[in-house]
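First subunit A sits with subunit B, and in the next complex the same chain sits with subunit C.
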Partner chain A sequence: MRVAILGFGSVGQGVARMIGEKDLGLTVTALADSRGGIIDPDGIDIPGTFARKSKSGSCGKPRVSAMDVVASGAYDALVEVTPTNIRTGEPAITHIRKALSLGKHVVTSNKGPIALARRDLLALAAKKGVALRYEATVCGAIPIIHTLEHGLLGNEVKGLFGVMNGTCNYILTRMEDEGLTYDQALGEAQEMGYAEKDPTYDVKGLDTALKLVILANTVWGTDRTLADVQVTGIDLITPQAIQLAMDRETAIRLIGEAVPSRNLLRVSPRIIPRNHPLLVAGTLNAVTVVTDMAGELTFIGKGAGSVETASAVIGDLLYIAGST
Partner chain B sequence: MKLEMKDTPGQLVRVLEPISACGGNIIAVIHQRDPESESDTLDVQIVLDLPAGRLPSLVDQIKSLGVDILRIGEERLIHRRSLIMIGHIMHTDISDTVDQIDRTGFAEVAELSLMMPAISERSSARITIKTANRADMETAVGILREVAAKKDILVVEPLEDGA
Partner chain C sequence: MRVAILGFGSVGQGVARMIGEKDLGLTVTALADSRGGIIDPDGIDIPGTFARKSKSGSCGKPRVSAMDVVASGAYDALVEVTPTNIRTGEPAITHIRKALSLGKHVVTSNKGPIALARRDLLALAAKKGVALRYEATVCGAIPIIHTLEHGLLGNEVKGLFGVMNGTCNYILTRMEDEGLTYDQALGEAQEMGYAEKDPTYDVKGLDTALKLVILANTVWGTDRTLADVQVTGIDLITPQAIQLAMDRETAIRLIGEAVPSRNLLRVSPRIIPRNHPLLVAGTLNAVTVVTDMAGELTFIGKGAGSVETASAVIGDLLYIAGST
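This part shows the complex of A and B:
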């Protein structure tokens, strides 16, 4: 299957590298980042592209834009992994719409388009007889969407609970382990590359809220948006609060929860017992799914990272390749 | 509660009736006849779960049956939930915060641990609330949430399994 990749940051590079290294039956025929692009129907030289990116800062030629790559049609599946814009979802929504309307499959890690326009985009994909898959939007390497869509067929999903943001989990874990203040732990997370320079999106709980919206809409077929989620972040948590929790064999974690019977979509710091399955350390993610037949299932894994997220993207690509 | 009643047939049933009539749930009835005793009365212990505030009227009803109540054990509030508050807890009148829970009559603050790093900084407190049942707990926590929101205090709640 021929693959076009839009976005050559951490995820895009991970996808390209793994396609280059592993024999998966996938060929990268087009590639673009914010500075330029490259199209080669015979397959792009991936090591050469990495060399060019590190030398010139761009993966391709400045004359070739992301939209040129999408419109070229020189691919079977578009991998949309440009940075998320949570307000407009652009330019990713335009990219995805264009590719779907050309009858191309789309795989994305971009939360903006899925949180804002999931139903429209899925309808367009259905009309064109192609697939739109977005496993990598939620919890990185954990195959939670596949599990909810296929692995739990026949089950009624009663609720979802999860630690879905590695940055917040890292900060809280470090405050707990080392007695750091919030600012100290955040500074450390930024130094380690786990937190952005502007950490608002993560620490205020918005990233978790978007993931919750995507999961809830996927499971229950709803059209919830960010505005439907009660969101409280972790930026006001004190070392004393962490200590008071630890005194009782508990910990504080940022939890996203969706319970349709209580019409609940909420992201908030919560107290959980030390032996709770959602109590994971560092940048790990964990999701508990509550079902009628299978009971409670908890999935733990890496929520971010270049190759880990590429795992989810490639899983979607091969799923599409196998079912078409 | 421990009752003293006449050792005649039907007397125990007559006492149990008003308990269920006022929404009480009888957990155990213990009565032991003392073979040494020559009196015609019987001591009975009843363990029961009663909606908040119903105890005084139940006591009146039982007394009106001519049964003496020897002792009423302490009301046990069996549901406990600990939450953590973060903010200017002292400066926003902590005793008022606690009082808003206590004055409900069905919930009380059983424990409060406060940590203040410095006078001008936000403090943190663990507050433990006790109630007789889960519904009362939800109401009490709801009150705490409202009070905290007005005082700009963040409340960190435990994750209850409620799916």
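This part shows the complex of A and C:
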């Protein structure tokens, strides 16, 4: 299967490196970042591309744009891993729409297009007889969408609860373990590279809310948007609140909750019992799925990371390759 | 899809009840337990069958045997949920072999045939162009086999670690929480219905070892048997050992471990750090899968129960229905 990769940041580099190193039956035939692109139907030299990126700052040539790569059609599946634009979903929506129109499969880690235009894009994919998959948009390496799709057939999903943002979970864990203030823990997370310079998107709960919208729409076939989610972040949590929770054998975590029967779609700091499986430490993610037959199931894994997120992208690519 | 159910204990009753209650596109056309059977191509009256079972002790008529049901061919998929025979795998192996020879799909929760004759039975299924699935043999409601099959495509699995026996986990959790001795905790588990009168199979680690063999052979395509597993149970664990582990912020759990690179296949009580995802409480099961790309993933859920195990059986049936 020939793969074109759009976006050569952490995820794009992880996907390219794994395809280069492992014998997966995948070949990268096109590649672009925001500064340039490259197309080679015989397969791109991956180590050469990394060398070019570190030397020139781009993985390709300035005269080849991302849209040129998409329009070239020199691939069977497009991997759209450009940065998420939470308001417009662009330019990823345009990239994905174009690739699907050309009859190409699409795999993405980009939350914008899936949170904003999932139904339209899936309809276009169905019309063209191709697949659109997005395992990597939620909870990094945890194959939660595959599990909901295949592993729980016949079950009615009654609710979803998740620790879906590693940055927030790291901050809360450090406040708990070391008695740090929010600002101290945030500063540490920024030093460790777990939080951005502007941490708003993570700490205000927006990243979790986007993931919750994607999961809920996937499970229940709805068209919820960010505007439907009640969102409270972790930035006002005090060391006193953390201590109070600890005194009661509980802990505070930022939880995304979706419960259709209560019309609930909420992201907020919640108190979790000490021995609940959802109570993970550090940058881990966890999702609890409540079902009618299987009961409560919890899935725990790394929510971010170059190779971990690449794992989800590659899983989707191989799933498409195996079922077409 | 027409389904025949062999075995009308906890799992068989759960499967029949769920097929009766939910609109899954499945019809039960034959049913047998050790005392009798019933065949009705138009679909069996499920509530009537439960009434007959509680009145006469059997779900069917004495002159119809389990083998009559299998040989009738009046079904598309056989659900083999008779009790596990750890030494011979019989009569389940004979049932499964016969159904496959007739070109029927088979779904089982019976560990005997899969631990003892997995490769032969899969070869027969492949030859006949039908499916043999066994999600329900390991860890109840946790869809671990589906996840390994679909959700982690492209990953190399480097190791498997699991809490796979709810009886042992309950006993160890109670020793920990209440300072009970092993005998006290076992007695309590027996009263609660979590342990058998003769608890040997669970507490000596044999049940965990069988599950480990099944998972390892599934992941790595090997032909390991129970004889390849080093097994130590939990029956010699003292309250002092439990306390010592607790003093060090750890806990003791019965862990099944499979690590091919170290040629390791072992079931034994192990010390687990307090905040490790594998450290579940009560009768829960948990499996940690260590992979090259996705890192460590942990799956937690109910390891037993009528409807929970039925969930795994029904998931397999619907997966077969959807892919054929």
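Heads up, the rule we're going with is that the second predicted complex is superposed on the first by the 324 of 324 C-alpha atoms of A that agree within 3 Å, B and C clash if a C-alpha of one lies under 4 Å from a C-alpha of the other, contacts with A are read in each partner's own complex, and residues count from 1 in each chain.
By definition in this document, a contact is a pair of C-beta atoms (placed from the backbone, for glycine too) under 8 Å apart; a residue touches a chain by one contact, two chains touch by 3 or more.
Small disclaimer: the values here were computed from a predicted structure and weren't measured.
Enquirer: Hey, is it subunit B or subunit C that touches more of subunit A?
Expert: Tallying touched residues of subunit A, the top partner is C.
Enquirer: Does subunit B (first) or subunit C (second) touch A:I272, or do both, or does neither?
Expert: first
Enquirer: Considering only touches as defined above, state whether A:L78 meets subunit B (first), subunit C (second), both or neither.
Expert: neither
Enquirer: Should A:L153 be classified as contacting the first partner (subunit B), the second (subunit C), both, or neither?
Expert: A:L153 contacts subunit C only, not subunit B.
Enquirer: Now for A:E308: first (subunit B), second (subunit C), both, or neither, which partner does it touch?
Expert: It touches subunit C, and subunit B stays clear.
Enquirer: Please work out whether A:A281 is in contact with subunit B alone, subunit C alone, both, or neither, and reply first, second, both or neither.
Expert: Touch partner of A:A281: subunit C, not subunit B.
Enquirer: Figure out whether A:V106 sits in contact with subunit B (first) or subunit C (second), or with both, or with neither.
Expert: neither
Enquirer: Quick one: classify A:R262 as touching subunit B (first), subunit C (second), both or neither.
Expert: first
Enquirer: Shared contact residues on subunit A for subunit B and subunit C?
Expert: none
Enquirer: Which positions of subunit C touch subunit A when the two form their complex?
Expert: These residues of subunit C touch subunit A: 18, 22, 24, 141-143, 146-147, 149-155, 275, 277, 280-281, 284, 286, 291, 293-302, 305, 307-308, 310-312, 314-315, 317-319, 322.
Enquirer: Going by the contact rule at the top, pick out the subunit A residues touching subunit B in the complex.
Expert: So the residues of subunit A in touch with subunit B come to 158-159, 161, 232, 236-241, 243-245, 247-248, 250, 252, 255, 257, 259, 261-262, 268-272, 276, 278, 290.
Enquirer: Would you pull the subunit B residues touching subunit A in the complex into a rising list?
Expert: So the residues of subunit B in touch with subunit A come to 82-84, 86-87, 113, 115-117, 122-126, 154, 156-159, 162-163.
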